[in-house]
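One chain, chain A, links the two complexes that follow: it is found with chain B in the first and with chain C in the second.
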Partner chain A sequence: MKRNTLTIVIGAVLVLIFALLLFVFQVRKSETAVVATFGKPTGQHYDQPGAYFKWPWPIQKVYKYDQRVQNFEDKFSQTLTADNNMLLTSVYVGWKISDASQFLQVFPGDSSVSLPNAQSKLEGMLRTAKSAVIGGHPLSDFVNADPQALKFDAIESEIEQSVQNELRTNNYGIELEFLGFKKIGLPESVTQTVFARMTSERQVLISLAENTGKSEAQKIQSAADADAAKTIANAQATATRLRAEGEAEAAKTLPIFEQNPDLAVFLLRIDAIRQSLNQRSTLFFDERIPPFDLFRNMPTNAPGQ
Partner chain B sequence: MTMSDEHEHHHHEHEAPEALDAGSQALAEALRSSFAIVKIVMVLMVLAFFGSGFFQVGPSEKAVILRFGRPVGEGKSILLGPGLHWSFPYPIDEVVKIPITEIQKVTSTTGWYFTTPEQELSGEELPAGPSLNPAIDGYAITADRNIVHTRATLNYHIDDPISYIFNFASASNSIQNTLNSALLYTAAKFNVDDILTRDVAGFQDAVLARVSDLTDQEHLGIIIDNCQVQSVAPRQLQDVFARVTEAQQNQSKQINDANAYRDKTLLNASAQASAITTEAATASTNYVKAIQADAKAFTDLLPAFKMDRNLFAQQKLAETMTVVLTNVQDKFFLPQRADGQPRELRLQLNREPPEPKPAAANP
Partner chain C sequence: MERNVQKNGLVNLVAATVIFVAALVVTTYAHTLAGQAGSIFMGLGVLVAFTGWFQMRLEENERLEKLEVEEFARAKGESALFEAKEAEVFPARRSRAQFEKYFVPGFAVLLFLLEAGGAWLLWRWLARTTAGIASDRAMASLSLFAIFALLLFLVGRFSVTIARLEGRRLLRPSASFLLAGAYVCAFTALGIAGAKTELPRADFWVARAGCVLLGLMAAEILVTLLLEIYRPRVRGRVARPLYDSRVVGLLAQPESLFTTAAQTLDYQFGFKVSETWFFQLLKKNLPALLLAQLAVLVLSTCVVFVDAGEQAVLEKFGRPVATLDAGAHFKLPWPVEKIYRYRTEQIQTFVVGYVPDAQSERANTILWSVAHAKEDNFLVANRAPVTVQNDNADTNNTLKAPPVSLISVSIPVQFQITNVTEWAYNNADATNLLQSLATREVVRFLAGVDLNNVMSSNRLAAAETLRDGIQASANGYKLGAKIIFVGLQDIHPPTTVAGDYEKVIGAEQTKLATILAARAYAIGTNAMAGAQAFTTTNLADATRLQLEVSRFAQAALFTNQIPAFEAAPSVYKQRVYFQTFVDATRNARKYVLLVTNTQDVMWFDLEDKIREDLLNLNVPNSQSP
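Presenting the complex of A and B:
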């Protein structure tokens, strides 16, 4: 009896597993599913993860789609801007299936078939939208140092909006999540022209740097010389003033000397002698000069006498 | 005997059904044992079913268990790290493995000229042609319509694994495209010299800011750790760009030299000026002091002078001559000629300083 219970339990588990495999399908977090009864979509959405009931094949068939954002990049293609510049652009988009049953109707078949079909549809729309939007903007909207004039963002969202509208109008069950420029370029011959222009701009910068360096340096040096001369001139003026002040101060002693101008003059002369006959001078004198007048009439050994 | 016969008979009679029983018994035995095998197989199947729930996560990957499609766990705890794990087998649970590490890295792909990793490593690049081939060479157009090559490496980590894994077929691909787009956008706002020399850090910050904005807008569920941007002038123009740099360096050197000259000149001038004023002040003070000393001396001498003017004069003159004769280097006394006429004296003045002192001749 006990053995039978175990057998039954094991059997039941196996049957359950088999039944699960047959009647239940899972929708993963990243997926969305459509169930078709004899090939016709039931119209029910399975976009939340979980386990759902279905009749076994061939009654019902489950189509599962990746609900995640898919990446797609279009080809690097040429477009004329509004001011007739040829621009090469490639955009990347993030797109996803927003309505799986609608998607199944527009792009029938398994994901391996329907996804490439959807992407080539998308590529066509991108091409049209790109040439329309880029053709409406001059090159200065694409590259500009002035943030107000730069329309890079606006161009991207115009293209995105245009494709989004077309997807909605045609009810493809797809929507765009984001769009941006992946690559922007110029035709090969134009790059050469740009290089030539860049080279001449560089030459201008080189001569500008050379000339500015020289003239700036000269300016600084002559300003410094002028400043230095001015400082010294000021100092000399100050020195003159100080000396004049000294003279004025000295002049206050004049009344003292005026008491006896003879003595004053005598003292000055004495002082002059003392000052002038300082070291490294040579003195010639004869007996007429006091105090050597004492030598007068003294016998000498001069041969003439 | 009958009994025994009977018994014998009975025994014999019993012999046939016993043989028959043995056959069915063998069958039953066989059935039983095969049923046992079936049971063992069933147990093994159940064990295998549950045993198949073990799975291993490698060192550079993470796993997520989906129970009936829903991730098990909340936030970052849904990610299972390296090691052995168990889940219910399909169709209850499903294991999704994701090749991600702690720090993710993407590199931009569309802003750099054509080069192979081998050439990058060896540093030997093919000589550049006169133009850029749009099919293979990448670049960005700057605000002043110049061409630069620029590339970026972005390091990030996953903040919201559910969004990163379950909302994007290839989140890293989306991030890479976003990085490409951010480089183009930022280059379109900057002038070539800012990108290459004047504001390299500003350009890098702007790229980072743009990538952050875009990844937030796209809800990629990542946090950017850093972004390194490298930009170079087109190889075709590298010489002329280098010459600009050189000329600009010369320019700043010239200006620096001029500034150094200015500093030195002004310092000298100020030192000289202060010497001039100090000297004047000292001279003036000394002059005043000297005059005052003279005045004092005058006052002191006046009584003696008044008393006997001649004596005073003689005395002072003698005093002075003593000092003068002591100080004077060469002294020549010219005695009077016998005829009372003045002597003629010729001096040869030699300008050369040290050697022959101004000497006398001709007595």
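Presenting the complex of A and C:
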């Protein structure tokens, strides 16, 4: 009896859980739901959170969708700008389901199937709009050192508006919330030319620096040489002047020597002899030159004597 | 009767093979994930059924051989036959024994490898795959799997009953596989039905459950193989086949849980463990234990613990009713109330501009010219457009470099969730959106600034501008996040051209060095010129002074010499002459010629003699050895 009671309790709990799963469904705040009776949407929107009643499958089926903003990034694709430059761009897009019933009809199936389908459709529209808008702008509208000339935001708005119009015209049940460039780049071949140009710019700067240095150095050296020459010339002039002054001062003694010119000349000659014999000298004398004249008439070893 | 059991084994083999092939076809047709797990299970069932059937045939041959030998022995009336070797007399017995000794363990190892490999590969594949069941083929596959389940149930139930009633141990493995296969097919059908209705991931989860089942089977067979080594051998007791899975048996007949457990314990320990009081108590109160466990499980969902740094949003039937901070909280049981956790206090980080590379990040030195991560190149404005000739192109095919430059940046962005409700409910993937917004701000900023400007003086201001821009975008999209920090930790030219930027710095240094060398030369030249000028001037001054002093001294001397001269003019002169002559010619070489000796001819060699040491040099003989 005890075992039967336990079995009944367990069975009742299981049945209750099973019944809840069959007849009740929950909608979260982040979700919106559409109920279809035998495949046909009932038209009632369940976009407020709470628990709702439904008939069990296969009578009614509940399609739940995330009603928050979905975002994705499209492919990094190549486009030609108005001034024939190649540009690679990728944009991120935020979109949400605005009409779940319409969305179910346009993109049938569960959210795991319908959301990727919707994103795929949106990506196709996006690529078309992106190419058209980018093709109408030169590269300088995307990248420009002058902030006033940059039209980055305006281009994003143009693409967004284009896709939004397409969505509203065909009533997909979704709307675009935002769009922005995620990445801008250049194709590989163009990238290489940009690298080449950047390298050339650096070469110009390298040449400028090196040659400016040489030029400056040469100027400094020339100026130094000129200054040195001036300094030496001035010194030599000063030296000449000083020697001249010495000569002038020395000339004041000449009247003293004039008192006895004979003696003065004799002394000058004597002084000249002294100075001329300062170096290593070889002298030849005969007996007539004093003091060797003392040898005159001295006996010699003349032949025949 | 024996022949019927063999036929049952054959029927099991045929049924398993047919259903395996059919399940494989349906799985491929409908792309059902659960069907893949079911197909693997049935494929293993085919192998087990074949092995069981083959072993049954060997045992049947052995039995017939034994009857023949006995019959022959009775006819001869002697036992001479047994004098021969047993292997020659009982080849069927030997074949069966060899089969059980070598083939069955080998087959068990093969089963283990297939089950473990299948579980692992399928689990990994399920983690990666984005494939789902084909919506338009779901109903057909659901129906077919339901039919497979029914067929397998009928055949499997019958075989299981035969095996149990007649004690056919070799029929039991394939019968259990067929019956368990019926449940696997039924669950596969339920998974497909769930995917078709409100549980889009049901097919996936059933496939995952199939992986777990295969893993359990692999673990069981591994344990069985290990225990088989130590199992006590009781003489006369027939061993259980190694490929007879208890997990599969339990799945096929869950009501036999205790029977299976008891058999296992009895088998391993060699005595009746199942008759102990503990085992019997457990068996009687199992429903109550299960109910208590269920109650504990439900009650455990009424208490939540929010970790430090986290906040949780409490939803009641999907409606957010409260935000829970760190600590313990009570709530109504699942599924009435649920919580969703978010890391709100923790500072989270993502990077813009590069993908971190663990190997490169281990380097202690970070250089522009060496890639330290997988870097993206961003377009940046360039003030001086230049046209560059491509070396590989002819003159008519000049590639025009657009007036932009490229730059690499590494920008870590740190943020905190400040409003968990906005973070959770406004965007499906708020983290990804924040990364996109941050990247867009970086792209937008770099597109409007000059390369050299942003790399140098404007760097700090750039980080501030970016932080404000990202914060404004996050606020605009109601992300509920606060941007804590944006760092321009790395902003440099791409690696390809970074070396040229370094060369410019080198050239600037060379320029400075050249100028400094010139200045050093100038300093030296000017100093030497000054010194030379000073010397020249001083020498001149000294000369002047010498001249003046010596002339005045000579004048003074002369003044004093005049009286002496006047007193004895000739003597004074001679005296001065001879004094001077002696002094002046003291070191001179002197020759005196007496002219009276006219017969002699004297030769004077007035040339300087070559130094003696040079004449005495010993020139080596080049021919000497």
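Definition applied: the second predicted complex is superposed on the first by the 180 of 305 C-alpha atoms of A that agree within 3 Å, B and C clash if a C-alpha of one lies under 4 Å from a C-alpha of the other, contacts with A are read in each partner's own complex, and residues count from 1 in each chain.
Just so it is clear, contacts are C-beta pairs under 8 Å (C-beta built on N, C-alpha and C of every residue); 3 or more make two chains touch, one makes a residue touch a chain.
Keep in mind it's a predicted model, so treat the numbers as computed, not measured.
Of the two partner chains placed by superposition, chain B and chain C are both touched by A:143. Legend: residue contacts after superposition of the two complexes on their common chain; A:165 is shown touching neither chain B nor chain C.
In the superposition on chain A, contact of A:57 is made with chain C only, not with chain B. In the overlay built on the shared chain, the residue A:236 is in contact with chain B and with chain C. Residue contacts after overlaying the shared chain place A:37 against neither chain B nor chain C.
After overlaying the two complexes on the shared chain, residue contacts for A:112 are found with chain C alone; chain B is out of touch.
In the superposition on chain A, contact is made by A:180 with both chain B and chain C. In the superposition on chain A, the residues of chain A contacting both chain B and chain C are 6-7, 10, 13, 20, 26-31, 49-51, 66, 68-71, 73, 92, 94, 139, 142-145, 147, 150, 152-153, 177-178, 180-186, 189, 191, 194-195, 198-199, 201-203, 205-207, 209-210, 212-214, 216-221, 223-225, 227-229, 231-232, 234-236, 238-240, 242-243, 245-247, 249-250, 253, 256-257, 259-260, 263-264, 266-267, 270, 273-274, 277-278, 280-287, 290-292, 295, 300, 302.
Here chain A touches chain B in the complex through residues 6-7, 10-11, 13-14, 17, 20-21, 24, 26-31, 49-51, 66, 68-71, 73, 76, 88, 90, 92, 94, 139, 142-145, 147, 150, 152-153, 177-178, 180-189, 191-192, 194-195, 198-199, 201-203, 205-207, 209-210, 212-214, 216-221, 223-225, 227-229, 231-232, 234-236, 238-240, 242-243, 245-247, 249-250, 253, 256-257, 259-260, 262-264, 266-267, 270, 273-274, 277-288, 290-292, 295-296, 300, 302, 304-305, going by the rule given at the top.
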